[in-house]
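Heads up, the thing below is written out as structure tokens.
Chain nomenclature is as follows: A, B, C and D, assigned in order of appearance, with residue numbering initiated at 1 for each chain independently.
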Amino acid sequence: MPMFSIKLRVSWVDTDTAQIVHFSNYFRFFEKAEEEFYRNIGLNLDDLAQKYGLLLPRIEAFCRYMAPSRFNDLLEVQLSIKELGRKSIKYGFKVYNENNGKQVAEGYLVVVATDRRVEKSMELPKEIVDKLAPFVEGS
Amino acid sequence: MPMFSIKLRVSWVDTDTAQIVHFSNYFRFFEKAEEEFYRNIGLNLDDLAQKYGLLLPRIEAFCRYMAPSRFNDLLEVQLSIKELGRKSIKYGFKVYNENNGKQVAEGYLVVVATDRRVEKSMELPKEIVDKLAPFVEGS
Amino acid sequence: MPMFSIKLRVSWVDTDTAQIVHFSNYFRFFEKAEEEFYRNIGLNLDDLAQKYGLLLPRIEAFCRYMAPSRFNDLLEVQLSIKELGRKSIKYGFKVYNENNGKQVAEGYLVVVATDRRVEKSMELPKEIVDKLAPFVEGS
Amino acid sequence: MPMFSIKLRVSWVDTDTAQIVHFSNYFRFFEKAEEEFYRNIGLNLDDLAQKYGLLLPRIEAFCRYMAPSRFNDLLEVQLSIKELGRKSIKYGFKVYNENNGKQVAEGYLVVVATDRRVEKSMELPKEIVDKLAPFVEGS
């Protein structure tokens, strides 16, 4: 199974009064990894929006927090596909802190293929499924 | 069981290119409700931090998205306590869109009482438990 | 001259590792006041976008920081109109901390009326000018 | 004069209902460049905070917006030092959109060296001045 991950550096604005990354920002880190993943496999969401009216709104989001991360920490966000359905994708994420090797967080996002012209779910186009399939866990 | 809820208005900055509230912001709305809840029941987190070294970091966060909300929508965020443990609290949230009556989202946050001086979990002080108890679901 | 102001409570997520409100968030507080101002004088930006293709993008933003504000502080954001041009509006803002009476920040936003259908500036519609005029400083 | 710049990719969460980057986020992009600049010249703000009690709060922030940028655009943020005072630094920023070569924004941040132990301004330590001096415009 091919792996996908990004590195990102914690910014001052990501942190809060507890001097750690605000919990909501891990969801933004997850999505950043997803955005870079699409770029990496050659999927352009703007093109897909034009061609199919496709949007990928989130219907579930979860995160478990295992250790804090702080300003200037370098994080690795690993992405995998836990489930690839006809109309939905469940992405799994693990976040590691490169500064101390600790796992910081794990979680998932469930996105559902939506035709924004009719605001209804739609089947994932084959060109997307073909590009995602190699990243499904256990494949 | 006493109820607690806040109203909040969706700002321009809360939205994204899909012209709906970005999914990560619902977690901020949940936390806003929690902050107002503490104020409402007379718990001052700054005082508790001073007195007990108490912080309430999140260890789990979940949200299910049921309908989009948009700029200028008025949202109601309802808070309840799903579980009140010795060291942790599980808050449940439901978000409704006052503009159309629809439920927008539901989710939860699990927070764990932490003594920041030793960076370990601690028992919830009795003065907190006493104030939270009436809000536990089914109580 | 009529006055317009809002109150807002500093949230945990608004703060950073310095345990004060992150400087970028004052611009969001300015915009929040602007949004509430439009609602208060009966201007609905969604309707105007539909009717005239009108958007109000910012072309300049400035803030001077005078004192920090912290989690749970109650802020008052005052809005006035410093200049009302044919195609642009310069809003002035002052932020006060209700907890200690201190002025926290002052700044401005310059917005330009833009027809999004042609992506060019346009004259402010008369129905807007009429509602804004009473709030111009010195009027 | 040595140059410093970073590249950054616009994320979905950076955008708003106008389908462009929210104006407040350019200030976060400025600060991101500043953070990477410190790392690049070997200044560790955490160490300086420990050694001198040094914080660098912003006292002024300004941005002029020249063109919109959108999801997935690749931005270059250029940083220079416009003024290096005894106690303050004025950073200048220019933002270019790599996708179309257009300048998107320009602005500045004025930061003031502050001893957080006494909450007063302080002289910039020589080790910092020495590292910043080569980046002053016109030097």
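One rule holds for everything that comes next: a residue touches a chain if its C-beta (ideal position, glycine included) is under 8 Å from a C-beta of that chain, and two chains touch if they have at least 3 such contacts.
Remember, predicted model here, so these are calculated numbers, not experimental data.
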| item | value |
| --- | --- |
| Higher-contact pair (C-beta pairs counted), A-B versus A-D | A-B |
| Centroid-based (C-alpha) most distant chain relative to subunit D | B |
| Distance from subunit C to subunit A - Cα centre to Cα centre, in angstrom | 34 |
| Rounded Å distance, subunit A centre to subunit B centre (Cα mean) | 24 |
| Approximate Å spacing (C-alpha centroids) for the pair subunit A, subunit D | 28 |
| Residues within subunit D bordering two or more other chains | 12-13, 24, 28, 31, 71 |
| Contact footprint of subunit D on subunit A as seen in their complex | 9, 11-13, 28, 31-32, 35-36, 39, 44-46, 71-72 |
| For the subunit D and subunit C complex, residues of the former touching the latter | 18, 20, 23-25, 27-28, 31, 55, 57-65, 68, 116 |
| Residue ranges of subunit D touching subunit B (in the complex, touch as defined) | 12-13, 15-17, 19, 22, 24, 70-71 |
